[in-house]
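Common to both upcoming complexes is chain A, partnered first by chain B, then by chain C.
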Partner chain A sequence: MLGEFLKAFEDIMYLEKYTESKGMLQKINALIKLLSLTAILLSAVVSRSIYSLFALFVIVISLSTLSRIPLGYLLRRVTLFIPVFAAAIASPLLFITPGSTVAHINIGPLIIQVTIEGIEKASIFTFRIWICVAALNLLILTTKFTQIIQSMEELGLPRIFINMIAITYRFIFLFINEAYRMILAKQSRTTRKESRMQHLRFITNMFSTLFVRAYEKGERVYSAMLARGFNGATRTHNHNKKKPTDSLFLLAVFSICGLILSIEILRSAGW
Partner chain B sequence: MSQNAVELKNVRYVYPDGLIALDDVNLEITKGEKVAIIGPNGAGKSTLLMNIAGIIKPSQGEINIFGTALNDKNIYEIRRKVGLTFQNPDDQLFCSTVFEDVAFGPTNQGLTEDEVTSRTKEALRHVGLEGYENRQPHHLSEGEKKKVAIATVLSMHPRVLIIDEPTANLDPKSREELIELINNLSREQEFTLIVATHDVEAVSQISDRIFILNKGRVVAEGPVREVFSQLNLLREARLQPPTIFQLFNRLAEKGFAAPKNMPLTIDEALDEIQRLRLKK
Partner chain C sequence: MHIPDGFLDYTICAITYAGSIIFWILAFRKAGKNLTDKQIPLMATLTAMFFAAQMMNYPIIGGTTAHLLGGPIVALTLGPYAGMISMTIILLIQALFFGDGGITTLGANVWNMGVIGVFIPYAVFVLITKIRRSRRALLIGAFIGAFLGDVLAAVFAGLELGSSSIFPYAAPIAVATMGIHHSFIGVGEGIVTAGVLRFLLKTRPDLLQLPQFKLLTKEL
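Take a look at the complex of A and B:
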């Protein structure tokens, strides 16, 4: 079970199939894409009204279709992450938001009320997260990881931060495989059903071993970097060129997001 | 100026936990020479290589690279001259594409973008992986990873090429390809080659001279055939000569005429058998 989850996670992280298709987003410069999708993400975060969110949802879905990413695939990918965030964070909203009660749950002497306002808040919250995760997925699905890293460099993000992301991306794969091998090795020697406690003990052991191995690997990788003349400063050459259509795309996304944001601001100001 | 590419004088290396990995190691490797360092697991081979490449500093003794003593000031210059390929390619390949990994060294040397690109393409061509530029290292086979790892060093145009366990973890075909690659490289380019391995079968194919390292000490050195003849020494170092060599030794023990040059490879053995048949 744990092993399968790790493998699925690996597929999600490393799939670059759609970066090769000739869709709309694939043709857009990586930096422009990073900026526009961040704009969509931020707009989703600040939007309070369902209409604004719905507009953003339409944008995300259209971009996905124009980029030749099967809708079902995007839905599945995004929905995989949703329960983790949404269920944990949004579900309390169901109960703690005051308003007209639609249902109540009795736990012993305790009565928990579910309100219409609560349902509304929780759904908007989940919807908002869905759009954010979908926007992020569009970026990952249509852009090669190296280009994302180069765009971060162009944006002038701190070197150490970019290095950390790049190296994490490269090595998380190795550690997933390492963990997967440990799980298989353990399963091959498990001949009867074990208690939850035993399983938990195995997982903690596995993680502590992984930490030690990660540390040792870090040392070796650093040596390999030194061997090739690394002295702390990383240098790269960027190959991402911008076209006029890129600017047009950025302008379009920024205008729409700007419009949504202005409406949101006006609404909250009481208009 | 000295003719030695690498020279170690009384080198001792002690790990922080007190383990003596190298003890009084002396060796001289001349320019353009192809040598192999063989020894059992834990003999100190990798530690020795890292010392030569200037990754770690010896606790005692002196290391000279092309006549220059290695010190803190010239460390980057030395690393530019001495290229080290690690045993596990996953330690060496840490970028997200093959291109970036191969370009890492030359980029660090401060070369222009055009130079870096041409060197990267050239290095990939040398290892037979043209067109792999945009592949991701974690999607490659073990044999391909090893080749890319060698390319990451070739692109720096080293004068000494060090390869740690080139044939470990490879299937027979990949192993054969890698041996051929190393031979082609050392034929085409004028570098000094140092290979650490316990693949004794490969040693005779890629090197002229060998050093046996055991428990941190050099216990034997000399031409390949000569060293493999010292069976007791090999046994002490938990090594064995190549199978063909053993076979002819056993034949000699059984009274067959021992050839003057004991064959090390299948080709040499075939020649020898042919010769015997003609004699008859």
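Take a look at the complex of A and C:
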């Protein structure tokens, strides 16, 4: 359990590392970026052919390079978790999809066949997920938290929601740290293997203690806000100015995605 | 349980977004009326805490471990509508900052964990405490509610994946796999949910807001 918390710390530490570099995506308005990366995601979700997916792959990789995110870092970050899991989910397809056999394995009397159709199905599934995860990561790596909040405001989401997200995000790190210290303390005074029930009891106690602390913290935060003159209204400074290049970027991404979509629709209509 | 982008086709994404949007509108209307300025930072720190607490895992069968879904305890401490908002924030931050979940699948994830995973535990809890009003009924209601909430959330996730044309397996396989796996997770979630309520009833009953708790603490 400690390992996971340490990994979360590492994620948080490096989260905004590339948002400061002077790359292409970093300069684009956050709302425009959100919209265009969602367009890429949707095109990937709609695409059935490996060619369309490959075109999206090229777009994602070039955007990442133009944004000065090291390719190795992106590949590691994107591939390691979800796509590996997706590949594991897809692996039985190699054997159960009917089609022309490319290889077979004999296990005693049992013959397991690998088919071309199976390979195609499994690789398209995994490849599509890789592109989606990569596109989402491009957004995460190049956008600051405040910019995302700002773009949510521009989208017209409720004020209460925006305020809550802004405060929540600031306190997540505090509570992750608090939980980490509690687990560390617990593990350093545990000398033998615990039963499942004991472990659940520990989680319950820790959860309850954290709940009481969070509640009290929430009350103190409100008092602190009042003491600083909070009167119910929140004003934010708009960092997200839109430039002509933003519209150009959006237009370019939308037209490429539109092209891919129309090819896909024509293909499915039997062309 | 967090479905990433690329697993659900656009029809399923659209349907689940539509379902979640209905509940979002209801929840924000209610929040706009009922939430005072004081409760916004309170809900925010509690949401941050739930976020951290969800990272804790516990062993289930074999060598595998599981995370809490968090929905049931959120529902029983904040109420279903505020609970849904809290879960939405958690899922949104997990997707947009930690890459856990996705943008096109946010509707589905909110539907599974923020609507089903919150309203089912709440409904079961209210039903059981209506039948019998006692401390034990309260804890049993919390346990059963959390268990059913987790299993049903998983069944919905399985249904969505199984009906998605870009997911390679049919619904029965996806539902069975998700449902069976989450019935083990559900037991742990039930124990933790009931345990946290027991702890709070004993030490800080004033923090529990739902009327069911108020009635009970008055009677005791």
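As a working rule, the second predicted complex is superposed on the first by the 163 of 271 C-alpha atoms of A that agree within 3 Å, B and C clash if a C-alpha of one lies under 4 Å from a C-alpha of the other, contacts with A are read in each partner's own complex, and residues count from 1 in each chain.
Please note the rule applied: a contact is a pair of C-beta atoms (placed from the backbone, for glycine too) under 8 Å apart; a residue touches a chain by one contact, two chains touch by 3 or more.
Since the model is a prediction, treat every value here as computed from it, not as a measurement.
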item: Which of chain B and chain C A:Phe175 touches, first, second, both or neither; value: second
item: Partner chain(s) touched by A:Arg213 [first = chain B, second = chain C, both, neither]; value: second
item: Touched partner set for A:Ile167, first chain B, second chain C, both or neither; value: both
item: Partner chain(s) touched by A:Phe95 [first = chain B, second = chain C, both, neither]; value: neither
item: Touching partner for A:Ala44 - first (chain B), second (chain C), both, neither; value: second
item: Partner chain(s) touched by A:Arg201 [first = chain B, second = chain C, both, neither]; value: second
item: Touched partner set for A:Arg228, first chain B, second chain C, both or neither; value: first
item: More chain A residues in contact - chain B or chain C; value: C
item: Partner chain(s) touched by A:Phe145 [first = chain B, second = chain C, both, neither]; value: both
item: Common ground on chain A, meaning residues reached by chain C in one complex and by chain B in the other; value: 145, 166-167, 169-171, 174, 217, 221, 225, 230
item: Chain C - residues contacting chain A, complex; value: 4-10, 13, 28, 31-32, 35, 37-38, 40-49, 51-53, 55-59, 68, 73, 77, 85, 88-89, 92-93, 95-99, 102-104, 166-168, 188, 191-192, 195-196, 199-200, 203-204, 207
item: Complex interface listing, chain A residues touching chain C; value: 1, 4-5, 8, 11, 15, 37-38, 41-42, 44-46, 48, 82, 86, 89-90, 93, 121-122, 125, 128-133, 135-137, 139-140, 145, 148, 158, 160-161, 163-172, 174-176, 178-179, 183, 196, 199-201, 203-208, 210-215, 217-219, 221-222, 225, 230, 232
item: Chain A - residues contacting chain B, complex; value: 14, 16, 144-146, 149, 166-167, 169-171, 173-174, 217, 220-221, 223-231, 235-237
item: Partner chain A, residues of chain B touching it in the complex; value: 50, 53, 55-56, 76, 79-80, 83-84, 86, 88, 90-97, 100, 103-105, 107-110, 113, 116-117, 134, 136-139, 152-153, 156
